[in-house]
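I have a structure I would like to understand better, so I am pasting it below and will then ask my questions one at a time.
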Amino acid sequence: MTDVSSHAHPETAAHGDSGHAHDEHPQHPDHPRPGFWRHYVFSTDHKMIGIQYAFTGLLFLLFGFSLMMLMRWNLAFPGKAIPLLGKLLGDTRMPGGSMLPEFYNQLGAMHGTIMVFLGVVPLAVGGFGNFVVPLQIGAPDMAFPRLNMFSYHAYFWGGVVMLGSFFAPGGAAQGGWTSYPPLSDILPTGQTLWILGMLFLITSSLLGAVNFITTIIQLRAPGLTFWRLPFFVWAQFVTSFLLLLAFPALQAAGIMQLMDRVAKTSFFLPQGLVVSGQVLKVSGGGSPLLWQHLFWFLAHPEVYVLILPAMGIVAEVIANNTRKPLWGYRPLVLSVVSIGALSFVVWAHHMFMTGMGTVMSTFFQTTTMIISIPSVIILTCLILSLWGGSIRFTPPMLFALAFLPMFGIGGLTGLPLGLASPDIHFHDTYYVIAHFHYVVAPGTLFALFAGIYYWYPKATGRYMSTKLGHLHFWPSLLFINGVFMPMFIQGMAGMQRRLYDGGASYTHTAHVLWLHKVISFSAWGLALSQIPFIINFFWSKRRGAPAPANAWDATTIEWAAPSPPPHGNFEVQPVAYRGPYEYSVPGHAGDFFPQSEPGPETVSPIPGTPHPAHA
Amino acid sequence: MQHIDTAEQGDPHLHADLKKHVRTYMLVFGSLMVLTLVTVGLKYLHLPTVPAILVALAIALVKGSLVACYFMHLISERKLILILMLATVFFFFGVLLGPTITELNEINPIH
Amino acid sequence: MSTAAAAIPYTVDARPDTGLNNVKLGIWLFLASEVMLFGSLFAGYILLRTGNPAWGAGSELLSIPLATLNTIVLITSSVTMVMSWVAAMERNLKKLRLFMGATVGLGAVFMVVKGFEYAAKFEHHHPPSYSTFMACYFTFTGLHALHVLAGMGVNFYFGFPGAKMMQTDPQQFANRVEVAGLFWHFVDLVWIFLFPVLYLLNFGPPVSH
């Protein structure tokens, strides 16, 4: 195992910046250094905005995780009072410290919403996308810096509104993250705040998508053709199109649900709906299925928004830590573009149980099976990239390697769900929860951790501690599997989702109830395993081993900028001379050839054929 | 029609081209007015449901295309934009037709 | 802010291989998302209407003459908008103010007419909760009206306080006016579809309450 923390670099020795962290905002000749508010709160610099998104996203992830840990108590010990915390949450939520079902539902709905919309996407797209993409394409910033700042604030304040819903009379949203009507139309005020928060978040993402697409198309450095882009940039590019074209459907649906709740319209309310023994006094004529169609039209592409940036990060980390080019760059790019396009025509596989006719269910099953092909191609290319590599087991690489089998499990377990007949058995059970968590938790989240360890030296000029990285990784890997693997078993036994007592009142799942305790203790162990990471994250900013500009001997253009990069990123406009993963080029001194280093143009040879230089 | 993007002030070609553009805009304006009156007038013909919908949407499509092609310069715009908008329209039909066909299948099943 | 903007390439001049400047690409991307937004509403409309035999006749409940007037107003405002762009290209401040003022003014007329329509609906006890048709009518035209309002704000800015950019950076100004125009034309385009769908294409007996 190579210890990179004390690497000396010939290229950076002349700069002499290995001894101290770079001044983040030196006096610029054109304008004076901004004050606190302009620098930290209303920044238009993509790097600061990226850090804002990342920080806020990580805080929301922690909060969303905490909500789940509360739920896990009730699932392991239904009805029992929670020690300490129980009394703090008051009688409307936990009378006598024991959780009310309504509160359990609030926790569930908000856990899902916060993790997906306030945690993962802002971190993966807003955080990593904003910080890394302009640097990787050799640009001074995003195309629309002020729009970028506005996007962050729309996200932040939308998040505040969402959190505020916990304090609304009746509590927070409690109809699941999916907010199906008619239930969501008649829930207390917190649901309205949920919708308002979503409208803010969607606006933030839409404007962010406009920014990313324009930046990637317009601001690529000279010589950086689309086929020379790092895979991470391709992933963010496709992700942005998904956000741009799919989110408006939920925006429209959200507006309609808002009208239903506030103006008493009946977009989603059928005639003659009986609530608590009384017929609801609305005009009727609406369709609950309309909501489902519009919601899932967004929410299916949304899951690809969750996974694609993660695949991009894993690709970067693997190429760098195997010291060889990615296997199958072209198939990777073509696959990620196909996934983007196909993701728009699979959404009704979330609706197989709504009474859909066989023609439609056949269509959606077919498209769902087809979309698994490019996903498998991407995973295969990433795995094959390991073959023959000089693997360095750095902390980012540990997380990236773990991603591969974890995403494999998550992806494969999705196949029975995508076929209508087995879905009859699995729909709305713990099997579904296990499937999607495998993709997002040991999948995406691990990839995001890899990204944090990987790009932390670029953002701060210091490495994170390797020891603490191991202390974070190994227990997390163990416990996260302890949380989600048993859920497959529970789901196959028929245990339903969203039951506040975890199915304790049903006899057919009595034999798998004990697994709730295994899962809950694993969840709490997982929480403890994050402590080394939190310590590492803050401690390393001041005391981490200093890192040179090219902390990992990497090839992509962001490593040609100082660490951290100043305003404007590059002193001289970088030019791309070759592909993004020119590692171990035969005949070249050193085991990597940076993309923006002047020199003869080289292209990675097809594996198995002689390199053009030797032909 | 030449696409004017970055002409300089006082450029005689610019003025000539802009005059041509203005002529086109006036022609399009006239057509849009006529089509508006036609589409309203047709309402009073009380056509049966399906032809009425088709005709009204066809007229709207023509009007919309005139606005897009000439006011929004789409007809002389870069291919990139055209591809983007066509792709959007393709996805738009996914949202439009997808749920509708699915639900119509419930009312009048094909299977 | 022009020194900072100059650091980001292609804010004014077109990038050679794409032939576009940043704002133009940006606004078309935004319009693509707006197509999906209004498209989703239309999809909802179709789904609700085909599933509902008791759909109210729009012409019974709404005023076609007023809406026809509004259609003419909006189309005219699109012409004045494009003439504003011509004025910006010609660096003619007086002409710009005239046509931008007309565009904003016509937008205001549209909003006033809409205000009368909405007031009349409430007076006749046809609020959004009256039927799914009225729900659609208010929601779609309401969202559209918000877009008109936003466009009016942007256009007013470029026509008046922001017009001094025509002196300092005329080409960037003309680009921005063009981009504002693209948004405005799109708002007009949405109305071109909303008008027949909501006002002209409703059949069948009115909802009985």
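As written, the chains take the letters A, B and C, and residue 1 is the first residue of each chain.
What we mean here is this: a residue touches a chain if its C-beta (ideal position, glycine included) is under 8 Å from a C-beta of that chain, and two chains touch if they have at least 3 such contacts.
Bear in mind that the values here come from a model prediction, so they are computed numbers and not experimental data.
Each of A-B and A-C has its own count of C-beta contacts, and the greater count is at A-C. With chains reduced to the mean position of their C-alpha atoms, the one farthest from subunit A is B. Between the Cα centres of subunit B and subunit C there is a gap of 14 Å. With centres defined as mean CA coordinates, subunit C is found 35 Å away from subunit A.
Among the residues of subunit C, those in touch with two or more other chains are 18, 20-21, 25, 29, 32, 36, 39-40, 43, 47, 51.
Subunit B has residues 80, 88, 91, 95, 98-99, 103 in contact with two or more other chains. Taken residue by residue, subunit A touches two or more other chains at 217, 245, 249, 287, 289-290, 293-294, 297, whereas all remaining positions touch fewer.
The residues of subunit A lying in touch with subunit C in their complex are 30-31, 139-141, 143-145, 206-207, 209-211, 213-214, 217-219, 244-249, 251-253, 255-256, 259, 263-267, 282-287, 289-290, 293-294, 297, 568.
For subunit B in complex with subunit A, the residues that touch the partner chain are 80, 88, 91, 94-95, 98-99, 101-103, 105-106, 109-111. Touching subunit B in their complex are the following residues of subunit C: 12-14, 18-21, 24-25, 28-29, 31-32, 35-36, 39-40, 42-43, 46-47, 50-51, 59, 64, 68, 71-72, 75-76, 78-79, 81-83, 86, 89-91, 170-171, 178, 181-182, 185-186, 188-189, 192-193, 195-197, 200-201, 203. Interface residues of subunit B facing subunit C in the complex, by the touch rule stated above, are 4-7, 9, 14-15, 18, 21-22, 25-26, 29, 32-33, 36, 39-40, 42-43, 49, 52-53, 56-57, 59-60, 63-64, 67-68, 71-73, 78, 80-81, 84-85, 87-89, 91-92, 95-100, 103-104, 107. Residue ranges of subunit A in contact with subunit B, taken from their complex: 217, 245, 249, 287, 289-290, 293-294, 297, 344-345, 347-348, 355-360.
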